[in-house]
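Here come two complexes built around chain A, the first alongside chain B, the second alongside chain C.
This part shows the complex of A and B:
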């Protein structure tokens, strides 16, 4: 069986049956679209991903970029794939018509991207980063910068990067030390950046780096960091000319190999020009406004890689004969495919629950992003924004963390063959690990959720979330979903809400450490509840489809089984985690570095 | 130069085919439909010719409303117009019935080149290209991988067993496309948006003056009497190799008596 990367039925069911994405068509911003344009774009992306990209997985993994005479050369395969990908229009798909985009909802462009990411996350890194960089310019850049850079970036003739990280400033961007000295209409940039993905390559005419740097004399800390556009080649009198951006090293990574990550040296010759984007010292704030979108992208990568791994192991489990059922050990009987063993189905069902639950949350969050920008009234936009902000850390970290576990299960199902490089799962789990590291590690997401998001606006986000859960429970009850499932979610939601109030109170009373000490456990219990909410929604939609006589009986039964799995085996873990947070179990708080 | 590209909507080659209750056709439940891959090569060749020499490309299909998805995809890739001959209410149509309908429509258009895939995957009959040539009274060339344009004629490269045959035909001409180096493009989102604004013309067989009832269903020249799936693949047979000499003997016996290859 060829790996479908994602189940088309599931993508459509989740978008339309569960989340009602068609309702976006009623908003003026999306009126040029129709279900037909949505489906056509998703199916083109799926087809290209399946036919052209996925078959190159192993080859791209084994043919990483090379640094030759100061330039990075990528695999020749990328030179055939990249033009097709950019011509498809993935970079500007969700941007407005007036800047050359096609005004597609983020939820739909994300669904399309899932296939491409599942086929090869590194390849999708090029359009993904370019879209992010272009969006920063569109939002905060001067008219002159927009006129020069947006079109070639949207067409993929220029690619973009995010150049934030420095060797001593990773999670802590307050410590960025790259310098910017005013020099007329531009600044002279000097410093070094590490891990810059797409930082150099021979695919595009030019590379546009979005660089965080400190203007001379700026205050220290986060409020002294500014954002600059630093092109590899700058516009000169006779066309594009070098801008003193050098590559001082290529990082040898364990995954995402087709996308070069480089050490950039800026201004070694004293002539690296950067143009300010946004106001001085507002660099981090500009980045923050793009953060939700960037983190949704990482969540999408997590879902995508978990999905391709799940389908790989599902196909394998259906075909690999091994052993006999406990009830019929007769050696004369043929061996059964391993999917007949309950323990293998346990691993597959866990993967399914993670992959499809994660995708449901991902698309839900993307829909909030669409509504936050384009809903009809200010009130609706704010409501969506509050939920988007709240759920983004979960949408980013759940697919990365549980998706990693899921790729490990895919390997496990392959037995000894999974531990060889003849089979693909070992690639998937190397690819997946990055998602818990870039765009804010999982640790940082936990701190963001508990320290900022759940307490924002005096708990308004948590109240909005509680309303969403209540609405889901009503829908589930009306659809005939088991009352015990609904009760399980309601119970967990109440516990989470009470715990959150207690922890917030702890913080307000000055015990910040006591509040945040269990941020990882809090992230876990919160995520488990959020995914349970999505599974209850999925179950409701499945029941509705059954009632309306859908012929996809097996698919819908599978949905109910996965919902039951999450609500019955995962959700009961929440109270134990709640206790850890509430009682502030202090083993790692009191543990001293010298005791290790 | 005006190109008409005939496309067929067929079950995805990845679909697990099941025989329908009638026993003479496939069970269409759960089948994903795609444009026949050979037709995509035909469309690609037509689009490239248009890009190089100007003119228009029209995509044409005979099929149900669902087949309009395939026409839209053709428009999104760059075709200018689309026509569907509606199959609603028509019994099973064989190659001759389909070719008759296509020919009737093409006669109403000014086509310099009529393109088709050399065959439709699934049925693999390879009949419509020559039939269309006959019905339109035009020359036809099958298995074409490449075309060179001349004034008033084309030079076609035909892929034949172990060689390439080069033939010349005057325009207008019917071309059956083989898979070639000119790989079909993917539609862009911009193309998809542009295609949405275009109308698909829908014609009934009667609009084209074709009495389709007289040549379809039980009246078709070719009637499907039975459809059956190939026998399930045999499981692997392992010959124990504890005694190599015996094993070799057993292997020979199996090859002779069971596999019948020796």
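This part shows the complex of A and C:
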């Protein structure tokens, strides 16, 4: 069976049937679009992903970048794929016409990206990072910088990077120590950056690094960090010339191998020029725009890799004969395909619930982003922004964490074959692990969710979320979804809401440690509830489609089974987690380093 | 910090303080031993593992076996390590003096093995498989076979394998199709075997394959499978001569790389001789002795790999500075080691609870095996055997599944560095994944536990287990362990016991599907309770040691914290799982293949 990467039926069902993405067409910003232009964009990406990218999976994994004479050289296959990817216009798909974009909703460009990421996350790293960097310049850069850089970046002639991390400053960006010394219209940059994805390669004419650095005399900590555009080659009188950006090392990642991870040395020769983007000392808040987009992209990667792995194991389970049913063990009978075994179906249904539930949340979040930017009224935009902010840590971490578990199940279903490099799951298994680490570890997402997001705006985000859930429950009831499912979600949502108020109060009373100690459990129970919300939405849409006589009966039955799975096997895990947070079980809070 | 592989304090504390392994010295079989001979054996293994094996980790991973002219050649490093390992006498450590063994308890030889497995699971595969094969010959082989093979196997001049799996028959051994045709004192074997660990190599003089095959005219299914000894070289008039055992392929595993996984072709030239071991058609029940030992060895590997990974991340967390505490964010202050962050301590304590709880169960199981063979009375031996049988699927699968999760946490603690091959966790991550697959997948263990073990002997195993728990609770109460911890275990044990009766009744009433549908959840809830039992035992022993004025105060406080963690954060997950099994939530039972 050919791996479809994603189920086309599911992408369309979720975008339109579940989430009503067509309603975006009523907004002025998207008025030149139609369902047809949306679908055309997605299907071009899907075809390219399936026919050109996915077949190169093993080859790209086995031919990582090499550092030769101070430059990073990438696989010849990337040189073949990259120009075609550029031509599709994926980099600027969601940017406005006026800067050369296609002015598509983020929800649509994300759906298209999912296919490309599923086919190869490393390849998609190049356009993804370039889009993020260009968006930063578009938003915060001077007119001069925009004029020089936006067009070549949107066309993919230049690529972009995020150059945040330093050897001693990863999660703690307050400790960035790269320096910037004023020198006329620019600054002289010096320092070292590590783990810079796409930090060097021989694919594009130029590389534009978005660099966090500290202007001389700046305050210490996060409030003294500024953002700079530091190109590998700068514009000189006779064209592009070197900008003293050196490659001092290549990191050997265990997955995403086609995307080089580079150690950069900036200004070793004293002549590395950077141009300020945004106001001085506001680098972190500018960068957070890119980081939030990157977090949603990480969530998309988590969904995409879990999806390709799911479909690989689904195909295998349909074809691999092994054993017989507990109810008919006669050895004279032929063996059955392993999908006939209940425990294999459990692993498949769990994957389906994670993959499709995660995708539903991802596209929901992308739609909030679209409405936050383009909804008709300021009130609607703010409402969507609040929900976008709230859901971003979940959209980032759920597909990373549960998507990893899901990917591991795909390997497990392959049995001994799954443990070999003759089959693909071991690649997905390595690719997926990155998603819980980059762009803020899962631990950081938990702290962000509980420490900032749910308590933001004096609880407005949680109230908006409760309204969304209430609306979903109404829709589900109208569609004829089982009352017990609706009640399960309502009950969990109330528990989460009450717990959140208690924890917020604990924080306000000065017990920050007690508020945040179980942030990992909070993230898990919150995410489980969020995904249950999406599955109730999916169930409602499935019932609606059935009622309207859809011919996709099997597909819709599968949706209801997956919804049942999540609502009845996962959601009941929430109360024990709520108790942990509430009682603040203190084993690791009190555990001293010397006790280990 | 040097990685200790295992914490010596913990090994001694668990063996003697928690499990009372010294009581074995009162049994006639072990009367020539002493605490000193036990400790000497373990410490020699620990030193060799730390000083010689562990430093070769990366090299062994990067130099996998090669197939050259029909033979498998292993890394030169293995040629250096293997003779030293043989000299330590690990192969026959637990076998009687009369067959050249050291007559050590399995609990002691397992403790020693843990260090070697932690240092390199692939290397330990050679003695582990040889010991299992030799034990089969010792138990079921003819005197002639024993005379020829036992001594060279125990000395490691010959190595052994388990040759069960065929391309179409992995989990389903009923479908083994390798044939055996009677030919005088031997049989002529023909067929193909796959995934044969150590199936060929250039380390030992000879390789002894324990092969499942079907005698001509045997009944179909599991009751027609016999066990054969099939050597690579057979004894001929002028010494060892070829036995028509060919290597038709090498499988490229993603971990355990130093241990070749081989495709064998038996009898392509029509002259592959096999000697029957045990009675005809009794191959599966003979092989189950080896398989049960192998399952315990897999559990040991799970513990060992999780342990080395835990210690790697503990060392890293003590040394890696990053960020500041939520309560003192002043950027002028130096960064703190990440172990100071509560969420990092959560990941470390979770690992500790899994590693040390898993090791406690493993050594407990090994002690039952020792008592099943050597206890003073038949009643005591039977009692121990019943508990050994009951716990084997848990001892196999818990360290594999939760040990994998634990190993992933070790990688996560390393952040971006953990995702690179410059650091070790990615190796442990790949090594660990095998343990949920080989020697019966986790799914198979769940079916074995619920479908066979807990219902065996009309509930006698569960009654014996309940008695063990009651005894532990008494000990914990006497030691002054918190009543709430004891109550938590008691409550869970009652729930598990009642659920088991209900499910058994469901099976007896003919609803086998309904009984087994949630076998994965049952395995998880049962395992969680079993590990809680071990942690209550550990807590009791820690309190006893504190009361007797132990100087290891920090270590004992850490034990209590880990016990609290398991009893208060993991055990409360049991009720929701019990409900799933009881209500038999039916999403994947009813899910049809066409609905995916």
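Methods note: the second predicted complex is superposed on the first by the 595 of 596 C-alpha atoms of A that agree within 3 Å, B and C clash if a C-alpha of one lies under 4 Å from a C-alpha of the other, contacts with A are read in each partner's own complex, and residues count from 1 in each chain.
In this section, a contact is a pair of C-beta atoms (placed from the backbone, for glycine too) under 8 Å apart; a residue touches a chain by one contact, two chains touch by 3 or more.
Predicted model, so just to flag it, every value in this text is computed and none were measured.
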| item | value |
| --- | --- |
| Contacts of A:569 with chain B and chain C, given as first, second, both or neither | second |
| Which of chain B and chain C A:426 touches, first, second, both or neither | second |
| Superposed model, chain A: greater residue contact from chain B or chain C | C |
| First (chain B), second (chain C), both or neither touched by A:48 | first |
| Chain B versus chain C as contact partner of A:254, first or second or both or neither | second |
| Which of chain B and chain C A:87 touches, first, second, both or neither | first |
| First (chain B), second (chain C), both or neither touched by A:516 | second |
| First, second, both or neither for A:412, with chain B first and chain C second | second |
| Which of chain B and chain C A:2 touches, first, second, both or neither | first |
| Contacts on chain A seen with chain B and repeated with chain C across the two complexes | none |
| Interface residues, chain B side, partner chain A - complex | 14, 29-30, 32, 69, 72-73, 76, 185-190, 192-193, 195-196, 235 |
| Interfacial residue positions of chain C with respect to chain A in the complex | 165, 168-172, 174-175, 194-195, 220-222, 251-255, 261, 314, 318, 321-324, 326-327, 329-332, 335, 337, 339-349, 352, 404, 408, 411-412, 415-416, 418-422, 426, 429, 433-434, 436-438, 441-443, 446-447, 451, 512-513, 516-517, 519-521, 554-555, 557-558, 561-562, 564-565, 568-569, 572-573, 575-576, 579-580, 585, 587-596 |
| Contact set on chain A toward chain B in their complex | 2, 8, 32, 34, 36-37, 40-41, 44, 47-48, 84, 87-90, 93, 102, 104, 334, 551 |
